[in-house]
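Paired with subunit B in one complex and with subunit C in the other, subunit A is shared by the two complexes that follow.
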Partner chain A sequence: MGVVERLSRLDRRYIFLAVAIAVTLPIFFPIGLPIEVTAPVKQLYDVIEDLPERAVVLISIDYDPSGAPELQPATLAILRHCFKRNLRVLVLGMWAPGVPLGMKALEEIAENEFHRQYGIDYVNFGYRPGGAIFLINLGRDVHDVCRTDVYGTPVEDLPMMDDVHSASDIALVISMSMGVPGSDQWIWYYHARYRGKLATAQTAIGAPRYYPYLQTGQLIGLIGGMKGAAEYERLVQTRGLATIGMDSQSAAHMLIIGFVILGNFIFWMQKRKR
Partner chain B sequence: MLMTSGPWVWIAAMLTLAIYSFLYKDNPFYKIAEYIFVGISAGYWAIFLWWNYAYPNLFEPLAKGNYLNIIPIGLGLMMFTQLFRRTAWLVRFPLTFVLGVSLGLQIVAAVEGDMVPQLRGTFSPFSRGVLFGTADFWTSIGYIVLLVGVLSTLIYFFFSKEHKGFLGAGARIGIYFLMIAFGASFGYTVMARISLLFGRLHFLFSDWLHVIK
Partner chain C sequence: MRLQIPLTIILVMGIFTLVTSFIPAKPIADVNQMFRNWYIGIITFFIFLGTFNLARSNAEKIKKQGRDWQYSIILLAFLGIMLFFGFYRGRASTEEGQPFMYLYFNVQFPLESTMYSLLAFFVTSASFRAFRARNKEALCLLLAAVVIMLGRVPVGTAIWKGFPTVTEWIMNYPNAAAKRGIRLGIDLGLISMALRMILGIERSYMQ
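Up next, the complex of A and B:
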């Protein structure tokens, strides 16, 4: 049996093993490959930079733990940027399993790193069911659809919410999304009615779908997958999980490109033989 | 070193390894992890739907005297009438309601959120005359490529006439655009899967084994 024949019958588990090694090695031995910031990520950064102090940024945690490796680093980086700029942050989410992730992110950044005050600098309304209906009503009357926060505190007892009543009081919405309900609903039901600035962070699988919305101006920024999060981490000058993961990503991608070329070569050789 | 990890981290680590063991071959550890996941998911969603939808939106207001809520409860119960042949026709009422509301929401969303802005985004650079005028060279090229891509892809999906001549050429160009789009999606999908693997491996090495910070 020739080399080509033997490779064509290679047990797929060797490929799994090779990918696992390619992802693992850079965790222990970082390469430190450069991370170039792309325009869609920079645009979001610039919009946050240009917001006036104490403006309200709404972050919608529309993902669950399976999307956390890609989206949680982006959430942390954006929160870091917002608090650095002294903006007020309103967190809510249309995915119930995302609530603990939002709480964890606020605890890490707002409480421990920036020592911001809950109810004055940031609030967390937790899970908000209803999808489209919720978003339509949110833009009309925030207090009506967010009557209590995630801890059960009435919205009237949260000083930050005194001047936040409708979509016009929210300077920027960022949907951290991995599916439905998520960015689609924010674009269709919120932005289409109330306009304003809307950006999204997507898992890599979802990201390509949102580029057309950038071109039309419906989105002012797009963070795509772990790569986008790494770019944002670079902009806010932190070395988070996404930046650490980029070396593993690059190594695995190179390996997969190699496999694709090898697979095509074997296919071509076998075809020629026949 | 390992003992510093809490019990929940150990459970998460064991379940992670059990799930990944499937890559070697199907085995009892994988099956156990799979059944635990399915069982917990079913229980979680049952409780979740009750406390987030049914109780606060239906039963709590009803208990407080909002008797109009009997209507949605009745419509919900009518969904179950399809289980019996004699009453199955009653299911049309709640389904009609659901379809009507969904259509109303979707049509507006599709037109306002997708169709009109996307058409405007594709054609407005030409109608506004920004090509090679106010826009730079590569941006102008981008607008043209976008327009060619949209039109040729639409031609590819136009099945009322045989793809010959102009339509054939357009459809062939459309195929190339589709291939590029699929390729980009595939690339992003690979990136997503590697991110998930990295996330799990990082968890194992940092939170569980503490061999990295």
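Up next, the complex of A and C:
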């Protein structure tokens, strides 16, 4: 059996082993290649930079642990930027398994890093069911659909919410999303009715479908996957999990490209032989 | 009657919902708001319905000792454990250090992340075996994929500074055009499907 024939029958466990090595090695031996910031990420950063102090930013945690490696670093970076700019943050989510992720992010950034006060600087309303209908109601009357926060505190007892009643009181909405309900619903049902500024962070696989919305101006920014999160980390000048993960992602992409080339070389050789 | 009553409900509710989009005036808007609140209530109830169905189907599988029935035991056991720790201290269950949060961050989180990350292994294996330039179209797709893969990671920029720019161009023009076309097609299909359901032509959902 020739080399080409043997390669064509390569046991996929060797491929899996190569992926494991490519992903793991850069974690222990980081290369630290520079990260270029793309326009959709910079646009969101600029919008947050231009918001007046104490403006309200709503962050919707529409993902679960499977999407967290890509989206949680973006959530942390955005929260860091918001609190650095002295903005108020309202967190909620349309995915029940995402609630603890939102709580952990707030604990890490708002409490531990910036020492912000709950109820004054930020509020967490936790899981909100209803998808599209919830968003329609939210834009009309926030107090009506968020009567208590995630800890059971009535909305009237949260000073931050005194001047937050409807969509017009929210300066920016950022949907951290990996599926349905998520960014689609925010665009179709919330933005279509109440306008305002809307941005999204997506898993890498979901990001390409939001470019048309970016062109029409329905989205003012887009963070795509771990790379997008790493770009945002660069903008807020932190070295978070996304930046650390970039070397692994670089190695994995190079490996896939290598296998694509190898696979096509084998295919071409076999075709010539026939 | 078993057919006519549901069809009438859908006809009336469908037309009503359509009308409310054009007449946001007081009595109609209030009724519409009431329906929206009902919808949220019904959706919330589905969570219990889904959990109940999951438990029932897996219990039946264990009883009949169907294929891979052992996994159903693990599923039901963890469903019970998470429900117990989620309920026994009420809202306080989500406080730091509670068993519910411990299980969430030390069992559910790594398990779900691992499942999702397995994609990297399968994608690499598939790229080696299936991603072939068999014709011009496939070659075009392959080249676009390679450029995007390089443009999306720092190593691509290190090789050639132009990769991110070319990637953004592909995303902004060929990708956006294709996505827009697909989206329009889906939406036109949805409108026609909704009309068919309102008018009672499409009845497959009742079977």
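The definition used in the following text is that the second predicted complex is superposed on the first by the 274 of 274 C-alpha atoms of A that agree within 3 Å, B and C clash if a C-alpha of one lies under 4 Å from a C-alpha of the other, contacts with A are read in each partner's own complex, and residues count from 1 in each chain.
We take it that a contact is a pair of C-beta atoms (placed from the backbone, for glycine too) under 8 Å apart; a residue touches a chain by one contact, two chains touch by 3 or more.
No experiment lies behind these values; they were computed from the predicted model shown.
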Superposition on subunit A - do subunit B and subunit C clash or fit: clash
Subunit B versus subunit C as contact partner of A:Ile35, first or second or both or neither: second
Broader residue contact with subunit A after superposition on the shared chain, subunit B or subunit C: C
Touched partner set for A:Val150, first subunit B, second subunit C, both or neither: second
Touching partner for A:Pro100 - first (subunit B), second (subunit C), both, neither: second
Touched partner set for A:Met254, first subunit B, second subunit C, both or neither: second
Subunit B versus subunit C as contact partner of A:Pro208, first or second or both or neither: both
First (subunit B), second (subunit C), both or neither touched by A:Asn264: second
Residues of subunit A contacting subunit B in one complex and subunit C in the other: 16, 19-20, 23, 66, 68-69, 96, 129, 133, 204, 208, 212, 215, 224-225, 227, 249, 252-253, 256
Footprint of subunit A on subunit C - complex, ascending: 33, 36-37, 39-40, 43-44, 47, 91, 94, 96, 101, 104-105, 108-113, 115-117, 120-121, 123-125, 127-134, 142, 145-146, 149-150, 152-158, 164, 168, 171-172, 175-176, 179-180, 183
Subunit B - residues contacting subunit A, complex: 23-24, 48, 52-53, 105, 108-110, 112-114, 117-118, 120-121, 146, 181, 184-185, 188-192, 194-202, 205, 211-212
Subunit A to subunit C touching residues, read off their complex: 10, 12, 15-16, 18-20, 23, 33-36, 38-39, 64-69, 96-97, 99-100, 103-104, 107, 129-131, 133-134, 136-137, 145, 150-152, 204, 208-209, 211-212, 215, 224-225, 227, 246-247, 249-257, 259-260, 262-264, 267
In the complex with subunit B, residue positions of subunit A that touch it: 13, 16, 19-20, 23-24, 27-28, 66, 68-70, 96, 127, 129, 132-133, 187-189, 191-193, 203-205, 207-208, 212-213, 215-218, 224-227, 241, 244-245, 248-249, 252-253, 256
